[in-house]
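After the structure tokens below, expect a handful of questions from me.
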Amino acid sequence: MDLSNVIQMFGNPLTALTLLPIFGAILLMLLHWLSNDQRREMLASPIRFVNFSLAILMFIMATSIGLQETFGLAWGEYLYQNCQTGEIIEGSCALIGSIGVSWHVGIDALSFPMVWLTTLLIPITMIVEWNAKKGAYFHSLLLLMEGALIGVFVSLDLFVFYVFWELTLIPMFFLILMWGGEDRRYAAQKFFIYTFAASVFMLAGILIMYFNNPADWSGNITNKSFDFVLMENSTGFIAAEGLRSVVFLLMLIGFATKLPSVPVHTWLPDAHVQAPTAGSMLLAGVMLKMGAYGFLRLGVTLFPEQLVEFQILLIVLGMVSLVYGAIVCLGQMNLKRMVAYSSVSHMGLIFLGIATLEPLGIAGAIFMMFAHGIISPLLFAVCGAFKHHYHTLEIGSMRGLAHHSPWMSAHMMVGWMGSLGLPLMAGFVAEVAVLIAFYMAFGWWVLLPAVTLIVTATYYLWSMQRTIFEGEGVAQLPPTMHGDKPRDITWHENTGMLILGVLAVVYGIYPDFFGMFEMMSNWASLLVENVLLEVRP
Amino acid sequence: MGEHSKPEWNLLVPVLAMVSFPFIRHLLGYNPIDSAFLIVAVPLAIFPVILIIGQQYKGEDWWKHQLKEGGIVALAGLAITLSLTIWLIIEFLVHHAHFGDQGAVFDWITFDNIASDNTLTESVLSFGIWVDSISLTVLFVAAFLCFLICWFAIGYMTTDPINEDRNHRFFAEFVLFSMGMFGMVLADSFLWLFIFWEIMGLCSYLLIGFYWEKPSAAAAAKKAFLTTRVGDVFLMVGLFMLYDLYHSLDFAVIFGDPTLGGTIHGEDLQWPIIMMFIGCVGKSAQFPLHVWLPDAMEGPTPVSALIHAATMVNAGLYLVARMFPIFSEASFEGALSDVAMLIAWIGGITAFMAALIAFVANDIKRVLAYSTMSQLAYIFTGLGAACWLANEGYQKYALFAFGAAMFHLFNHAMAKAMLFMSSGSVIHEMHHAHDHAHGDGDEGDHHHFDPQDMRNMGGLASKMPVTSTAMMLGSMSIIGIPLIGGFWSKEGIVGQAWNVYLKGGEMILFPAILVLATAGMTGFYMSRMWFMTFAGKPKSDVVEYVHEETQWIKTPLVTLSIVTAFSGFLLACGHFVYWLSDPASEKGSHFMTDFFKHPFEAILYELEHAFLPEDNTLKIVGWTAILLSAGLGPFIAARMHGGHLSEGERAVPLTSWLIRYSGSVGHTDVGELAEGGLATALHNRLYIDDAYEWIISKTLIPLSAISAWIDKNLVDGVIKRIECGSQWASTQIRQLTTGKASDYLLMAALGTLVVIAILWGVI
Amino acid sequence: MNLGTLFSGPDMASILMPEWILILGITAMIIVPNLGNATFRLPIPNTSIRIPYLLGGKRFSFTGDPRLPSAIAAFTLFASFITALLSQMIDSGVGVAEACISMTGAVNECAISDNYILRVDPFSRMMEMIFTAALLIAVIANMDRLPATSHKRLQLEVQEDPVAENRRLAKLLNNRRQVDFSLLVLMVALGMSTVALSTNLFSLFVGLELASMASYVLVSFHKETKIGPEAGVKYFIVGSVAGAVGLYGISMLYIWNGDLSIYGTGGLAEKWASEGPNGMAIIGLAMMLVAFGFKVSAVPFHFAAPDAYAGASGPVAGVLSTASKAMGFVALMRVLFGVTLGDGGNEWTILIGAVAAITMTWGNIAALGSKNPKRMLAYSSIAHAGYILAGIAAIGALGPGAGSELIATAIIFHLAVLVTFKIGAFLVVSLLECEGRGHEISHFHGLARRDPMIAIPMMIFMLALAGVPPLSGFLSKLMMVSGIISSTVGDVSGATLSDAFGSLSWVFWLAILIFINSAISIFYYLRICVVMFFEETDRSPRMSRAPMIRIAIMLCTMGAVVLGFGVLADVLAIAASDAAAALFS
Amino acid sequence: MIDPSWISGLGVFLFCIGLIGVFTRKNAIIVLMCVEIMLNAVNLNFVAGAYHYENIDGWVFAAFAIAIAAAEVAVGLAILLSLYSQRQTISLDEVSLLKH
């Protein structure tokens, strides 16, 4: 590892996207932490701006990557790779060469939307919680989170992938713990332990893959490499079918928990309810997508036969998540909890979409990741604002929100409508794509998810009726207000929500905006063409 | 208040200016079809403008009075769409253009499908414009009525203090709603039809819940959305099925060759059509998804006029009409006749049921709502008949039935919009009059007084000449008084329904009887409404203070009165029915031209075919319908609710004859009947709503509660149990560390023995 | 065993340099603090020159300085560490064992046929480095835990006030025992080094006893506290019984073979491979496993460990949980891999596997509810022993080969990085001990507010212990598990899931059990983090200064971070890999 | 010369005595003595082995073992003394402050 490699490493835009926020955040936190009290106060505001401008810089970088490329790539091609296959085997981009870990990043049509979404959401979360207490840490943690998330999406080395995967837990753990609600400690621990425990199974799967990666990397301890591209391109990767199934299932445990799918979803409501607004926005917006992303990247791409073999399992998982999640939503009295369960419900659609094995279904599932990544942060921003201004999340604790906080109600309505799959909003595109494919693959079973859409509409409308509307004569305020005058959202919150709302509509009307649906569908088609077509029943 | 309002014609200048928009486009070299997308785009662009500016500047004077809180902006936008629509129609008529599919305006999503030979084929779901006689008709209805209702709403909404500072929301949603309607009509694929369809659903939700602070309005909005959502979901499933068959949802593909090169059989299409029809049932408030419509009257009256008369409820009809080419595909013969019968049955049942409930409704808007349901059901019956005839190979009759049904759509929309606006006018004035009479301070009474209740009215004919005339004409059109509006179409529908029976569709007998009976019932309840409102003595002191006011309300009423009075006759005689069903046919291609050239022949021809069909049995049916609707129904209504006005009150000549008639036929008291079991059941809407509520409260709500419990205590409980269990195990296991060295030694010794035993045992 | 031959050649001097340094240090430790201006002179015969005796009398101010012994110990350990490291860096890559010392004291290239008593190879060097590093950190930290006060200051502090006087006396006592502590630490180091070097069971055992006995005293070193002697007694009684049992086992092996060399002609390994063990050998092996099991605190021989850790001071507990345990593993590996692996060696595989499974689960579950942070860390240490035992079991199931080497690499790597974060955690506790606390989890409350510079490292230690990436604890656990997995999945066949599961070796489930246990362990590690950051405390924000402990903590923190990811992790992994290769050669 | 197996048989006997003593006695000193007995059993084993194989190693080992035993006693007594000075007891059952 000589200097030129280092330069090459950091000269790569993806490397910069990953490491700049991480190191930036750590530096800023240290800077703030090491200063004395007086200087700390002075520094608070500049640090916040630096954080924010770094986040914006990241967004600009990601956007410019998107503007330069159309992402109509051939299968298995990654852009902006920092090193090629030969170099990986040689070990010239090695991180821990002795066990075959290299710094290998790349981006393709599957990861770009996620990266862009991450860079988009982080500044928005910062805006929404612009005045967070101890903002220097808060925003830095968000920035750290951004680096870790992008790292998950761009790393093509499974070791590094796993490291980033777990690294995302740490800032989120602290976000929940330090800025969360009343029961934050329980929620944070549960979140951490639950998802960690699940991802450990994924790690087991990764290790089996690692030892069956036929690409030899002579000169290290194991002669193996964690490189995903090598695995993807190798023939005879894991010969024993049964072992492939084992790996597939191990990884499914990890990804399904992250997604989350019933019955391993129960960390989510607690984490969401207790997390600060920005935390739950990111949690729902990007972190859940890690599960789907990982499943598509590793599970589907490397184990197509197993996908077919366990199709029924996926459908059952997806269907139960979808239906059961929606019904549980109906029984929730806590606004945020309801929204959290609605995420469970929507994530079920992703499994359904993938299980169809149709290009449309998979494209729909990917677009679901994206669309949900725009809409659910909006939902949580609204919930957070509600909690912030009304000090409660109880559905039905107040009436006539529209009277006191018209902007908040408007955003709530936009979010709710987007989430229940209203046409011309992003969620609908995904829903339609997934369900069409689902019908093509499984026929009448589509009635189950379709009827669930009614339940979805029911709980959303029900909660709106009990929050935004009614309250004729004397408007009813929650007792937690203690007679305070209710306010509308601040302009920070408003800005953030407005961006999200507008994007939700833009992507509903024109899903190809910024090439999104096109690239996703292209990726899905190539996946089907190259990988799934041979194994489809 | 009316007496203060000055004429505000000057405000209309920008609106009028907008009418020039098509001309400018024309001068710029565009043709109307290229501009058609603007019909959708303009309202879409105006929506956020009104909303955001309104929210920001709602208190400002210029916004409030110059722009009427956005009303003028909306009206201007709708003027553009209306003029573009007219431009389009002119192009269509004058140049005999057959537009059909106009290609994609933009590709929505592009993706691949796996073809049967395991290769990938590209598929596009795109938005494009589709123009033909049906869409033009419905588009015109929508654009024209939206424009007028907006005009009306400016008068209606902005003068009511309760709406102060939030009318921008109304107008924005109104415009968005119009966008949805225009888009749905113009869309060239089922998918985009559905998308706009849902947008309308959203707007209907927002507009019904306009008075969100009223719990009843909020509940009604929710109910409307959810009920239509039920239908929509099935419609969506229908779309999926269609897509699976055709790998496209474009009209061009599906109607171009419904058999897709012989690969698709009629049986395949049964379920898709039934599924889509369920969507129509929801949207057009047919049994059993009709429950939302009466409650939807919680919205402001212009909304009722817009959604529940003119536009949204027509969407379901439009969709069924769109599927007509599938029914008339020759190779599907007989395969889809059961589906057609289903459509007719739903129509028949709803028509009868709604008319029945309308008998006892006392709320003026609810009467109209039930009437709407009933009339839409007529159209469904007609479409069902048309589809059956088409599918069984009776093309000629099928086209006639189809044309009649669509014509009824036109007539009903015009009349019902006007009726709603008139009722709005009545309610508006009653409300103001009540405030005037009792003062604003009289809170308690204010709450008990219902300005919509017809039992508080009576004798308004002299106070509101324009309104009463308009309402009379509208009612006549709905009832089907010969030669006026709905008469032309209704006769066709009833006749063709019976025609199906004669042609071998025995199953239609029941709906056919029902629609025939409903004709008479329509005569009764519409007349009842008019008489209760305008004839007889005032039933409350409020009536004294009622008077008509601003031009904003009167102008559309007058316009529509004229349209209702004459359009039916004119269009019918201009072979509108034939033009609708098949513009390329001999009669259809002579739309209006025959009428201008040989008016008498045309009239005779139409009379002959409308209510004097060739078949003698049908003649009997036709005459029976006329007799029931124009004679018996109004007669009974007049006996029960009619009467002379108070002393010194005079109605205008246009309505005075009717009041005289009602006063001269005597009086029947039906008090006993009104308290009977049937009436109670009808008051309770035949307990259908209650049944739904009961079912939901007994199934979904407990299920959700149980699921939430399960999730908390079982699924998550397992986790918690593991946690508690491991804490317990930890305590137990640490008890073994007693702190005494001898115990440790003992444990170690046992361990040693075990170690030796294991090692020994293995060898 | 001719004493003269020990110094016969330069080879002996250079090859055992780290040990010589330790012996030198021990000697210096005995002599230097006693140097003084003793009036007695030694006359040199036949001359009039009289050499000053210099022992006793009034001590020189430099040699009498109570801070000197620690410095000597630290310097000795550091020098030993550095020489071991240098010898590795210079010679690494040459390959296997570099030099062997026979019974007769001859230093040779290691040949298969000869039997040796000591062997210097990458493995023994690596272990020496681990031992000396751990002890070095302990010594550094102990400078604050057992502070030495210069005599001058003590002189100045003479007070009338009885409380202050008592405090002064305590300080005086601390000064008095500086030498004892440092000496014992160096003894431990020497014993451990011997264990690492030994290829003869008896010398191995002597080294083990040397280190053990020194550590018994270290445990009960704070005899003025209530718990110190108690911990010492328990640890000593159980340990000495276990030692006796182990020695008896060795003696049985001697009766069986007549030679206690592991390798070489007539050695144990040869006989084991050629003839197979008889009952006597098996019982001997079992008894040795008991002794070593006590050292690594495997269930059910672990009971004294939590008590000992809780009673000992923080640095000592840190040594017990890292170096001492590593020594036990070295012995275990020498015996199990060296002696018994020759004939497939799976007599003990199931046994060790079962013990591993029970140990890790027991440790973790017991740690879950533990309220005393030191006991919690002790139980966590037991759990970690379980992980390593699982690796050993996997090696037993595999026999020698690449997979075994990988697991051995992982074990060595794990033992090495454990020095950073395990000791680090004990040092943080030790810092709290300095203010008389640290035996309740509530003493961690609000630590982040009181002293973030301690709380953050503690969090890093906890996360590293839990195995959260990218910290070194993760890498070590990952290598361990990957070794186990690599050995089990290679021969998996079968087209269906059930076939595959059926053909998975049982060792695979040990890997899964490690994962599950890691997940359980997160709970109690996180709890520490949580209370540090989020519980309120009424203590004043100032923590004791304890600069040396802080330095040691910083060292550990850096180690825990840099050894997890990147270049240094790479270097360490390669070194561990070399060591593992040497172990199996 | 007696057969080495007798010697080691005696060793087994001694070892068992020591072991039983360790488990049954609560007095730390007696336990310590029992450990010494066990170590003597070891010595006998080594001596027996040395006899049997006629090599010197066993003798050397025995000598070392005696040294180890001596050291152990020294260390043990020192620790026990410090315990006694704290608690005035050396009964193993009475020192159980540290537990669970």
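The letters A, B, C and D name the chains in turn, as written, and every chain counts its residues from 1.
Criterion: a contact is a pair of C-beta atoms (placed from the backbone, for glycine too) under 8 Å apart; a residue touches a chain by one contact, two chains touch by 3 or more.
As the structure is a computational prediction, the values presented were derived from the model and not from experiment.
Participant: Both subunit C and subunit D are touched by which chains?
Facilitator: Chains in contact with subunit C as well as subunit D: B.
Participant: Using only Cα atoms to place each chain's centre, name the chain farthest from subunit C.
Facilitator: Most distant chain from subunit C: B.
Participant: Name the chain pair with more contacting C-beta pairs, choosing from B-C and A-C.
Facilitator: A-C
Participant: Using mean C-alpha positions as chain centres, tell me how far subunit B is from subunit C in Å, no decimals.
Facilitator: 82
Participant: Averaging over Cα atoms per chain, report the distance between subunit A and subunit C in Å.
Facilitator: Computed value for the inter-centroid distance: 44 Å.
Participant: Measuring centre to centre with CA averages, how many angstrom lie between subunit B and subunit D?
Facilitator: Each chain reduced to its C-alpha mean, subunit B and subunit D end up 99 Å apart.
Participant: Just curious, how far off is subunit D from subunit A if you go by their C-alpha centres, in Å?
Facilitator: 64
Participant: Which parts of subunit B, given as residue numbers and ranges, touch two or more other chains?
Facilitator: If we look for residues of subunit B contacting two or more partner chains, we find 734, 737, 739, 741, 745.
Participant: Please output the residue numbers of subunit C that touch at least 2 other chains, ranges allowed.
Facilitator: Those would be 233-234, 237, 241, 245, 306-307, 370, 523.
Participant: What positions in subunit D touch 2 or more of the other chains?
Facilitator: 19, 22, 92, 95, 97-100
Participant: Sort out which chains touch which and give me every pair.
Facilitator: A-B, A-C, B-C, B-D, C-D
Participant: What does subunit C use to touch subunit B in their complex?
Facilitator: That would be residues 233-234, 237-238, 241-242, 245, 277, 279, 282-283, 285-287, 289-290, 293-294, 299-301, 303-304, 306-307, 347-348, 350-351, 354, 362, 365-370, 520, 523 of subunit C.
Participant: Tell me, which parts of subunit D touch subunit C in their complex?
Facilitator: Checking each residue of subunit D against subunit C gives 4, 8, 11, 15, 18-19, 22, 28, 31-32, 35, 38-39, 41-42, 45-46, 48-49, 52-53, 55, 57-58, 60-61, 64-65, 68, 71-72, 75-76, 78-80, 82-83, 85-87, 92, 95, 97-100.
Participant: What residues on subunit B touch subunit C, complex-wise?
Facilitator: 723, 726-727, 729-731, 733-734, 736-737, 739, 741, 743-745, 747-748, 750-752, 755-756, 758-760, 762-763
Participant: Spell out the residues on subunit D that touch subunit B in their complex, using ranges where they run on.
Facilitator: Interface residues on the subunit D side: 19, 22-23, 26, 92-93, 95-100.
Participant: Where on subunit B does subunit D make contact in their complex?
Facilitator: By the definition above, subunit B touches subunit D via 734-735, 737-742, 745-746, 749.
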